[in-house]
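To keep things simple, chains are lettered A, B and C as they appear, and every chain counts its residues starting from 1.
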Amino acid sequence: MKTAKTVVTGTVRAMAIATMLLGGAAGLGVFTPTAAMAQVKSVADVKTLLKPDLPANALEITAAMKSAKVGETITVRGNVAMSKDAFVENRSMFTLVDESTRKGCCPPSDTLPDTACDIPAEGRATVQIVDAVGRPLRAGLNGQHGLKQGAEVFVTGKVETANGNDALVLTAVSMHVPKAPLPSGFFVEKLPETAKDVSGARMAGTLKVGDEVVLRGRVGGSKEPFVAGRAVFTLMGRGLKACNENPDDQCSKPWDYCCETKEDILANSVTVQVVDAKGQILRTDMKGRRGMKELSEIVVVGTVVSAGGGGVVVNATTAYTAQ
Amino acid sequence: MIAPKFVPVVVKQLWRHRVRSVLTLSGVAIAMFLFIAVQTLQEGVRRSTQTAAGDTRLVVYRENRFCPAASRLPQFYVDRIEKIPGVVSAVPVKIVVNNCRASLDVVTFRGVPREELVGPRGWATKWQLIAGSVAEWEKRSDSALVGETLAARRGFQVGQSFDASGITVTVAGIIRSPEAQDQNVAYVHLDFLQQAAGKGGGLGSVTQFTVRVDDPAKMEQVAEAIDAEFRTEADPTMTSPEKAFVAQAGADIVEIVKFTQWLGWGCLAAVLALVANAIVLSVQDRIKEHAVLQTLGFRSGLIARLIVSEGMLIGALGGAIGTGIALSVVHFGNFSLSQEGLSIGVSASWSVLVWGLIISAGVGIVAGLVPGWRAGRREIASCFRAV
Amino acid sequence: MVVLLILVAGGFVNGMSRALRTTGGEHNVILMGAGSEESVERSEIEAGVPGVLAASVAGVRTRAGVAYVSPEVHVMLPVRVGAAASTTTQSSGVQAAAAQGSSTSSMPRPKGRQVMMRGVTTAAALVHESVSLTEGRWPESGAEEVMVGRMAATVLGVAEIDLQVGKAVMIDGRPWEVVGRFSAPGTVVEAEVWLPLADLMTATKRETISCVVLTLDPYNEETGEGAEFGDIAAFAKTRPDLELVPMTEREYYGKLADFFGPIKIVAWVTAGLIAVGGLFGGLNTMYAAFASRIRELGTLQSIGYRRLAIVWSMIQESTLATAAGGLIACAVGVFMLDGLAVRFSMGAFGLMIDETVIGLGLLTGLALGVVGALPPAIRCLRPTIPVALKAV
């Protein structure tokens, strides 16, 4: 009996220890920094890096160039360089550029220069996808997963090289490639002049189709003022108070202006969209770009395309975000 | 049944086979838990759907409609209803519910005119304010007085905002009401709800009228008079006593609860089987012992009663545990079944507790009868020969 | 018994979940009024919205020039089935129901059961691909005709024969003739009554519709044709005056499934409690059964059998019994309960005892066998061999 008891006890102990070890390993896996989890083993794993959602608060390349420190994880936005050497042959590496630093106009895609020399060094970053030992994967990325010259890419990665001036190399942890990029230069650095508040413009009642407008407002007007995967959002004027401007308010979503009537919300709002050459709304998120979120103050420049039925829709050509 | 001096003997028998007793008690407790849960449901349905002699409330609804979204009556009907003989008061009520189907977590808004709630004979006079105040409710147009059950279920506190059915309100107070329907709703201002509900009729349209009559005996008569008044209108009415209306609108719930009666009987059968099983096993183990007792002078009748007492004790103890847990769960769980904006509260009462104990003890007695009778009838010699 | 209860609970939860989650076309989008996302019956949108949608949104599926856009009214109404069962002519059933249905103040108030009525146009047949007409024809507008789903009889609590083509039902105090029957296997649509949109709007005095259901052509990245849900959401955002909320049809019914979550939990908890109760009873029996064999077990040990082997054989013994019971329960479940129509909250669905539920039932039986045998077996093997051999 003692032998049997010993055997049973020993077995149970061994199983318990094994369970604890496995659990610990799993637990460690959970708490391991994201960077380690993102290392891919092969080319087939590259797609696991691609995320459907646009990461918020992405830095432009030039801003990241100045602030990035080696070892930290940052998110940058840029476009794949419009040059023949944008992608390294047979390696998972490409050049990401800040188009706003381009000297001169962008080239048509069938006459690409050999190098992206019209983008200064402080507007260029290198992105690589590495394997478990830190070497770039041995496969090209051109044409893969939506990556091509000119494509807009959001990269979250670990800074491998950064000199604070003109060198930035990132090892990608995750990437987001919008299905349609925003036009280059959509976001401007300088506040447009003569911006009118949305409420004022609506109250005047003079907005009509074809009018060029410069409107200032805050993102809001419903529980979800952005549309996932589409470049469209609602802008509210200052004529109405957001819920959190009321004393003692405890709304969890103050941007829905639930304290106001639906008619008032409609009369103090415009819908802003960014369209392509065919007039179709671009298939990309707006939330997260340049820190845009609910109740963000935005100034848009564009054209009124619809002013019937109580609602106004503006095709935006540029926008300024008050950060 | 047995003299008090034999009670320790019975207890010792249970204590001797602790594992068996615990298992039996646990099984009985679980079965009684389910049985009592079913009973509280039945009780809730009875209280919500059976018209009592003193009831004086009628509900005037749109004919052939039960879902609040589908019932739209012009608010001006109230003046004509109040002129009908026998009617003491008629209150227009707008109801918005997030879903008409039956479930456990439904939010119902009831919009009533301010003066009907806070007036000297207003509804609020019958309520107990657990938190907040009616004065706070009066200050804001989007404020709500939330029933205790709903507030507990959703964790609402005074000052908190919540939204349901596309309507956002702020909790001004939490109420406790003797009426089952009030416990699970949020009372808001009528005009606020009419506007907030948007296209659902808007201002001037309500879901129902709650009518109070002067004489309970004349309820049917007044109901018919009201329906006759609007029979030829574009929106004819259907008037019935409030509880009868709940029974009809909540027919699905009533049917489900009726079906659970079978579950309740099944649980009692399970208690019987468990206790009988335990007693039989116990008796089998003690055949020789019973023979010894008989040799010492214990009458067969006493032995039989000792065994029956064992059954009663197991039943009663298990029943007490199961009933206690069931009533606690019901009390703290704040459950209620809702349908069509009406709710049937599941609540505990002392009578259910007492009945539960009596029934479980009774079943225990019944379970012990046959083994006890058989044990008492055995011959001493044959018992000694048994292995 | 315990396994059968587990099968019933599992079949109930499975059937309800599946019916709700599979209702809804893969590429269908439903647009309803803001604030009504939990329940389309509360929704109201302008009757002109379908036309605006068809004109404004590219990528809506079309066939022979007909857009897959279905304007609908969803409302729950009490329906009574006429007592006149036989119909020699088309009108006689209607007349009999009319005669029965006409009420005077002295007659007892009719009650009826609530059933989901859906006012539709012929576009619904395109949009709701799971629906197929099995008997009769599509109801005509203005003729007070309806068509009923295969499970409508279950919801109404009547025999199938009472809803045959030619029979009459009372809706809103008027008789309506059943001219067609449809099926939509595995969905909650089968429990509905469909009638022409205009007729239902007239009967309920509505000028608005409940929703629009449309089918999108899958988006083709290369050609740019087709549309995605985001395109409909963007359209709704550009027309805030219409106060529309878009949702995929599957998402809508999925939310409805979540609404019934507490009911499902109650079903599982009840079955679980009964299983535990049964386990306690079984443990008691096993304790007694094994206790009477302590001497036998002691003998086995003395001739060389290891305790582990004895425990294993006892578990096998117990498991054999419970497995046999479990198999019988599974047979009863599969042959007698699977597909059994259950009426619940203005809808109906069939119990779905599929491989998952059967597996769960069998596992429960096996687990009961193991758990029911282990403690008594261990207890009986605790005494030393000499003590066991001396046991009575």
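We take it that a residue touches a chain if its C-beta (ideal position, glycine included) is under 8 Å from a C-beta of that chain, and two chains touch if they have at least 3 such contacts.
Note that this is a predicted model, so its numbers are computed, not measured.
Chain C has the Cα centre that lies closest to the mean of all protein Cα atoms in view.
Greatest centre-to-centre distance from chain A is found for B, with centres as Cα means.
Distance between chain B and chain C, defined via averaged C-alpha coordinates, is recorded as 26 Å.
Distance from the chain A centre to the chain B centre is 53 Å, each centre being the mean of its Cα atoms. Put simply, the C-alpha centre of chain A and that of chain C have 41 angstrom between them. The residues of chain C that reach two or more other chains are 34, 243, listed in rising order.
Contacts with at least two other chains are made by residues 198 of chain B.
Annotation for chain A: residues touching 2 or more other chains are 262. Chain C meets chain A in the complex at residues 34, 58, 221, 228, 230-231, 233-234, 237-243, 306-308, 384. Across the complex, chain B meets chain C through its residues 19-20, 23-24, 26-27, 30-31, 33-34, 63-67, 69-70, 96-105, 165-167, 197-200, 224, 227-228, 234-235, 238, 240, 248, 251-252, 256, 263, 270, 273-274, 277-278, 281, 284-285, 339, 387. Listed in rising order, the residues of chain A touching chain B in the complex are 248-252, 256, 258-259, 261-262. For chain C in complex with chain B, the residues that touch the partner chain are 33-39, 41-42, 44-45, 75-78, 105, 109, 111-114, 171-173, 204-205, 208, 243, 256, 259-260, 262-263, 266, 270, 273-274, 276-278, 280-281, 283-285, 287-288, 344-347, 379, 392.
Every residue of chain B that touches chain A in the complex is listed here, in rising order: 142, 159-161, 163, 168, 170, 195, 198.
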